[in-house]
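Presented sequentially are two complexes of chain A, the first with chain B as partner and the second with chain C.
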Partner chain A sequence: MKALALFVVVITGAMLIYAGQDLPAFGDINSPSYQAPMTQYFINNSLEESGVPNIVTALLANYRGYDTLGETAVIFTAGMAVILLLRRRET
Partner chain B sequence: MSGIQESVIIRTVVRIMVPFIQLFALYVIMHGASGPGGGFQGGVIFGAAIILYAMIFGISEGKKKISDSFDRILASTGLTIYAATGLACIIFGGMFLQYSAVPLLPDTALVSKYLIDLVEIGIGITVLAVMISLFFDISPPESEAGEVEE
Partner chain C sequence: MSGILDIVYAEYNYWIYVTLMMIGFYAMIAKKNLIKKVIGANIFQTAIFLFYISLSDVTGGTAPILMGGHGGEHAADVIYTNPVPHVLILTAIVVAVSTTAVALALIIRIYNEYGSLDEDVIRAARRELQPEFSEHARQKSVAEVSEQ
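And then the complex of A and B:
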């Protein structure tokens, strides 16, 4: 069983490494994600529109603010669920 | 008390390190607008500082710093800050979370920057409170609190 698990891990890792060869290089200006129109829009306009120099934060909190509110609600709900299920009450 | 909690070195180092970890967490939260960082990361670092303190000095000592009821209040306060920021934008005539609608300053980009900081603080408060409550809830009962598990 252990040998099978090791075999699966090695095969999966080899496949991932093989697929990783096709990824664009770090900072490659010709990569599809950099050439996408939305990327160019955010690079050009996010500072004026959101006021923050960090494009990641501008996307997270401004353009996708509603999504981030949902993420925070998910974390809050998970915490409340753990409190409900696992908290020991003084009896 | 297990071995790790009796060590004077560890207790002293933790006592000295915890305020600096908390300060770094606040830096990460406040620096989220202009560099790497943000509410999620900073909240986790702040929660880790409290968890480190509770691991070394015991769960009951940790709960003296942030009690269960205070923790619950914190968790809901952070989410409320975020949602209230969005609702304030509606009140001032914009869309939900349209920060530039709030007439706080003449420069709308600056208003957006400060409201993003406020939102990051809200995220950080919720995340740190949930982190701490997770640790306290899955920690063993007080009678064997010396055996703090990972």
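And then the complex of A and C:
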């Protein structure tokens, strides 16, 4: 059983490393994700549009505000699930 | 020889995250203890966070907080790292914490019910407590239905 698990893990890892050859090099400034128009737009314009110097904060709270709202819903659901699972039952 | 070194230098971050991810994956599928399975899932998630953060890195870049954003002198030729994966991972960390909390709460309930965290012990106890749900009984009922 352990040998089978090890076999599956090694095969999956080898496949991931093989697929990783096509990814951009570490720290490459010409990588597609950095040169994408969206990334450059956020770096150049987020201060004027949101007034926050921290680009991550501007993205999280301004451009992706609805996503952050959904995130709080996730935390709320998890908290309710934990309370329902761990409360003491009156029997 | 230098060609191999260039490849290693360009891709070692991916190898590190694959190694970490496979450690977590092995813990998830091979360990019998439920707490160790949750720890494996957390290692797996951390490997994915590292993957995204290393994708967003730029050589010589600084953190994506604008220089002079608070009214100081404005620096034009500063390289910032990519902020978009940082935001994505900030959301993913919150989801990871939530799933871990629910998983640990479920494990506490399982421990109170069966007195063990070992998968095999729990399965054996379940078979004893509720024989109608055991694998053998299920196969027998399936066979009976197929006979009719």
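The criterion applied here is as follows: the second predicted complex is superposed on the first by the 88 of 91 C-alpha atoms of A that agree within 3 Å, B and C clash if a C-alpha of one lies under 4 Å from a C-alpha of the other, contacts with A are read in each partner's own complex, and residues count from 1 in each chain.
Here, a contact is a pair of C-beta atoms (placed from the backbone, for glycine too) under 8 Å apart; a residue touches a chain by one contact, two chains touch by 3 or more.
Bear in mind the structure is a predicted one, so any value in this text is a computation, not a measurement.
Of the two partners chain B and chain C, more residues of chain A are touched by C.
Of the two partner chains, chain C is the only one that A:T39 touches; chain B does not reach it.
In the superposition on chain A, A:P53 makes contact with both chain B and chain C. In the superposition on chain A, contact is made by A:A25 with chain C only, not with chain B.
Legend: residue contacts after superposition of the two complexes on their common chain; A:R88 is shown touching chain B, with no touch to chain C. Once the two complexes are overlaid on the shared chain, A:N62 sits against chain B while remaining clear of chain C.
Once the two complexes are laid over each other on the shared chain, residue contacts for A:I17 go to chain C alone; chain B is not touched. Contacts of A:A78 after superposition on the shared chain: both chain B and chain C are touched.
In the three-chain superposition model, chain A touches both chain B and chain C at residues 47, 52-54, 56, 60, 68, 75, 78-79, 82, 86.
Within the complex formed with chain C, the residues of chain A that make contact are 1-2, 5-6, 8-10, 12-13, 16-17, 20-21, 23-29, 31, 33-34, 38-39, 42-43, 46-47, 52-56, 59-60, 64, 67-68, 71, 74-75, 77-79, 81-82, 85-86.
Those residues of chain C that touch chain A in the complex are listed here as 9-15, 18-19, 21-22, 25-26, 29-30, 54-61, 64-66, 69-70, 79-80, 82-87, 90-91, 94-95, 97-99, 101-102, 105-106, 108-109. Of all residues in chain A, those touching chain B in their complex are 47-54, 56-58, 60-62, 65-66, 68-69, 72-73, 75-76, 78-80, 82-83, 86-88.
Within the complex formed with chain A, the residues of chain B that make contact are 32-36, 38-39, 68, 72, 75-76, 78-79, 82-83, 86, 96-97, 99-100, 107-113, 116, 119-120, 122-123, 126-127, 129-130, 133-134, 137-138, 141.
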